[in-house]
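Both of the next two complexes hold subunit A, though its partner changes from subunit B to subunit C.
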Partner chain A sequence: MAEAGIFDGLVVSSIRAATPLIYVLLGECLTQRVGRINLGVEGQMLVGAAAGYGVAAASGNPWLGLLAGAVVGSVLSLVYAVLTVPARANQFASGLAVWMLGFGLSAYVGAGLVGQHVEGFTPLANGFTPTMVLALLLVPCIGLWLYTTRTGLAWRAVGESPDVARAAGVQPALVIVLGIAAGGLLSGLGGAALSVDYTRTWAEGMSGGRGLVAVGLVIVARWNPWWTLPAALLFGCAEAMSLRMQAAHSAIPAHLLHTLPYLASLAVFAIACVRLRDSGAPAALKNVLER
Partner chain B sequence: MNAMLSMVRAQTSGGATALALFVAFASVFFLAIGSNPLAMLAEIARSAWGDSYALGETLLRATPILLCALATIVPARAGLISVGAEGQLYFGALAGTGLLLASGAPASAWMLPAVLLAGAIGGALWALTPALLRVGANANETISTLLLNYVAALLVTWLVYGPWKNPQSQGWPASIEFPMEARLPLLWESRAHAGLLIALVLAVVLHVLLTRSRWGLELDLMRSNPRAALLAGFGQRRRIVLALLAGGLLAGLAGIAETAAVQGRLQADLSNGAGLSGFLVAWLARNHALRAIAWALVVGGLLAAGDGLQMNANIPSSATLVVQGLLFVAVLLASGLRDWRHARAGASHG
Partner chain C sequence: MTLPRTLRPLALTALLALSAHAAQAATIGYIYVGPEKDNGYNTSMDNGRRFVEKSLPGTKTLHVENIPETAEVEKVMERMIKSGATIIFATSYGYLDYAISLGKKYPKVAFLHAGGLKTGDNVGTYWANSDDAMYLAGMAAGAVSKTGKLGFIAAFPIPQVVRSINAFTLGAQAMNTKATTSVVWTGGWLQPAKEAEAANSLIDAGNDVIGEQVDSPITIAQTAEKRGIHVVGKDVDVSSFAPQSVLTGASWNWGPTMLKLVKEIQAGTWKPSHVRGDLKDGTVVLDKFGPAVPANAQKAILAKKDEILKDKFVVWSGPLKAQDGKELLPAGKPMGMEMLESMQFFVQGVNGTIK
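Let's look at the complex of A and B:
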């Protein structure tokens, strides 16, 4: 049998590694579109991963796991919504509080999950799994929804100017809460996709900063759902390459290779920020990001 | 005078609201996991501050948290939200250990100060990238510091599994043990160490600098009126970089103190979440260096109580992580509600 090249099937591996991130990126994209930056997606991913894994293991049905992840992710995001909408607390601190809470809750619940086993999904053709297909389908769905529907327009308007949106008959507070909850749903789903399908295991803090990476990559994607796909694939490709080089006994040690996705994300984030001023940033966000 | 009184009243009522919210949230959580809330809160207090052993563990846990809180406070006084203490802590531990290994560990009284200094400088170096990205690329420092935290932790993991692994440690990934000359002395009969004294002194010094010096005044101006500070000149960028580097110094010191006292060797996972807990303490203390001391003892105690909880009440120690998160939520909610009441009171005048 021929030696497998390091680039064979890299596209599918990249999509597989990027899949949890695609969900989170789409979710955070919607949240930032309505004018909120939620670092708590990291914690929402974690509770989604723990709940998804627990439910999938107990029921034997990975779909129920995804559903459970989406539900708990949205519930946790409501904490962020309460903190930043009626209470108007600092957005970054509120996100970190939700992360801390989500980390604790998932570690607490997850302590009982160690050693449990999930069946996972039956792979489709070419190494694709249902979570990968669903993620790839969500990108155009959310992209079209945001740019071509009336409600999509209302959400974008709220991110640009809550006052103008209010004058046009939109309730900004409601839209903002919905935008945060959509982010919670998708990040919880992403967390469940991570534990139920990608790693098929639970470990404390297993999201490993993917949620925080997503917060940065949304800015790289210019708050455009269509662009979240290449942004997520960049991270996925860096992760897939690091795993492959490790498997191929690369001279570069594994732990150093694992820094690659973070460094790649930081690099594109920094490049994107240089031109942030004249970009399509939701106006309500600029104050938060640049102060 | 009246204005001051009403401010004091607002502050204390904010604190009371936060406390009430926190007790309510924690009670709901304990009820949800099938425990008696009062008994649990009492058990946490006892495990945190109940006897001299508990107190020693609390002081031990509070030390890096206090330093990381100070590391958050200095940039925060300039209006920057750095969450990079975790990564700076790791890189500080790495740099200090690196100096020790490179020097061949000669027995000398200079070893300890040199190692501590290297640790502090290492932390500052790790803060340099986000600082330069902030002033050069306008890249938000909160996001860049968070991403770099993971990189620093991975670097330490790589070193202790690879080039710096002690061959005698039989599979356990760690560097060689620090010689006695490079170790921080322990305090009393506990595992608390002289790093605590360093942290306390630094908190006082920083408080004086932040409130009395020209530097502190400049930072306040930057925070309260970034545009005016920008107009005031070219020094803005330099001050941003310096504030972030000063934060890095403090967090780096936290990392090397943990290594050179508690663990006695470089290990993976050395931070135990001190960076994020430090951020919480900075927030609880409202960026006031002296108040951070008290809050570090509270949060450090809460986390140290986790082990007691596991042993005495058979509750996973991660329960205290949930309680820590609830504390953060309660404080944000209370301060948000207070500002909201103020804003409404202000609006009704106008």
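Let's look at the complex of A and C:
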């Protein structure tokens, strides 16, 4: 038998590890496209993971779990929407508040869920699961929608200039709330994919910073839904490699290997910032960042 | 208790206020570092609590989960004492210093700590050696593996974990001299996403049995089951999460030890010491075999277990070679306490780094 190499199955592994992140990254990309940076995605992921796990365990149906995660994620994101749209609170402070709220709520609900059995999805061919396929399908769907439809144009217009959009007959406040809710829906879905399919368990704070990584990776993806796929895969591949190198008896200390996904993201981020003067950021977002 | 960290002290106060009415009955407090239902380490401690409560009618137990190994545990213990707890089980390694300092402040309360190497006037410790059971579980892994390649997913390279990995490997080699173990560290006691990918990485690399020593075996056991390879459990029987793929496991049975200590304390005969159990006294249990372990392997494993119980076989004795082939112990020489309890080396056949 040929010796299994470090790269055997790496593609599937990378997609598997990247899947929760793809959802969150797509969601945060849409939110930022309408001019909002929502640090609360981390908390939205956690409530999505806890709710998805609870519903999947109680109903025995993983699809219902994903649905519950998406619903609960969007509901929590509406807190951020209320804070930043009608109340005009600081975006970063509001995001942090939603993150903490999500962490506390999910820990409270989740503590009662530990140790329950979840009927996960039956794997499809080659180790793919339905959540992986759905994530890969969502990327072109959202990409095409944003760049080729009228509503997609309206969302992009709001992100560039709410005033111009308003003059063109679009209600910026409504679009911004929808953009935030879409981010909430997708981050909740990503959290549920993490708990119901990927790990089949719940643990306090189990998203492990993936939500915050998504906020940063949106910059690497240049606010373009199409680019969220390679950006998320970069992280997923680095995470898979950090464990594969150990399984392949690498002499590099494990502590260093665990920083690999974050180092890789940071490196690409730094290159993207230096090389690309025009970052592709929506103009309304630049106001938030540079004010 | 299912409450976020900030609310836990409040809820505990309320609980304790209510319990003050029943001050006559003995009250025992238990503190866990993780969720009581993790199906791993904390569940094993909670099973012990349930055993004590059932065996001593009239005894009340309090328990709080998810308490970090920081000054917070001191506050939790103090609240338990103020509400009448006279015995405290501090079940996580990092609670030791807090138990010792509180022991001085509350001389009438008995503190029992899991695995510590220090005692006080009213602070004793309890622990058990699970290496024998890990060796036997490793035998099952070595017998069932077709590739001879075993994986082990672990949190941190502390001596307890390193001992498990080595014992597991030595057991596997007893059944298949060419068996090797590849170690993957997750860098945390509860890291489900990393545990899932660690298991997948090991399986992709051709390992067909996975051992583990993390807080909760749920993710690893289910990943093994899903991918059709085998898993060896630790702390609590994992068969409900991996009915087809489980081989066996090394589980804790803390109940009798805890009960004995509680009875001694209540009778006034207790002297703080290091109480240590093992496979022989039943504090450590070899889980029942899964369907994949062939009958002849089961027979060989049970025969070896019998030798261990009769002191005819000692896991930690020479000949023993280190990872790089250097001799650690000559044939027939048993390993000293110091070397065993501070183990920071891998035996020959383990692939991985400790640092």
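Everything that follows uses one rule, which is that the second predicted complex is superposed on the first by the 282 of 291 C-alpha atoms of A that agree within 3 Å, B and C clash if a C-alpha of one lies under 4 Å from a C-alpha of the other, contacts with A are read in each partner's own complex, and residues count from 1 in each chain.
Here is the rule we go by: a contact is a pair of C-beta atoms (placed from the backbone, for glycine too) under 8 Å apart; a residue touches a chain by one contact, two chains touch by 3 or more.
Nothing here was measured: the structure is a model prediction, and the numbers come from that model.
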Contacts of A:S94 with subunit B and subunit C, given as first, second, both or neither: first
Touched partner set for A:A111, first subunit B, second subunit C, both or neither: both
Which superposed partner A:D163 touches (first subunit B, second subunit C, both, neither): neither
First, second, both or neither for A:V215, with subunit B first and subunit C second: first
First (subunit B), second (subunit C), both or neither touched by A:H258: both
Partner chain(s) touched by A:I271 [first = subunit B, second = subunit C, both, neither]: first
Intersection of subunit A interface sets (partners subunit B, subunit C): 103-105, 107-108, 111, 204, 208, 253-255, 258
Sites on subunit A touched by subunit B in the complex: 39, 43, 79, 82-83, 86-90, 92-94, 96-105, 107-108, 111, 204, 208-209, 212-213, 215-216, 219, 253-256, 258-259, 262-263, 265-266, 269-271, 273-274, 276-277, 289-291
Complex contact set, residues of subunit C against subunit A: 1-7, 35-39, 43, 65-66, 147, 151, 182-185, 187, 190-198, 200-202, 204-207, 216, 218-219, 222-223, 226-227, 240-241, 351-353, 355
Subunit B residues touching subunit A - in the complex, by the definition given at the top: 33, 79, 81, 83, 133, 137-140, 142-144, 146-151, 154-155, 157-158, 161-162, 226, 276, 279-280, 283, 316, 318-326, 328-329, 332-333, 335-337, 339-340
Parts of subunit A lying in touch with subunit C, wherever the complex brings them together: 1, 3-4, 6, 8-10, 13, 16-17, 20, 103-105, 107-109, 111-112, 114-115, 117, 120, 123, 127, 194-195, 198-201, 203-204, 206, 208, 210, 239-240, 243-244, 246-249, 251-255, 258
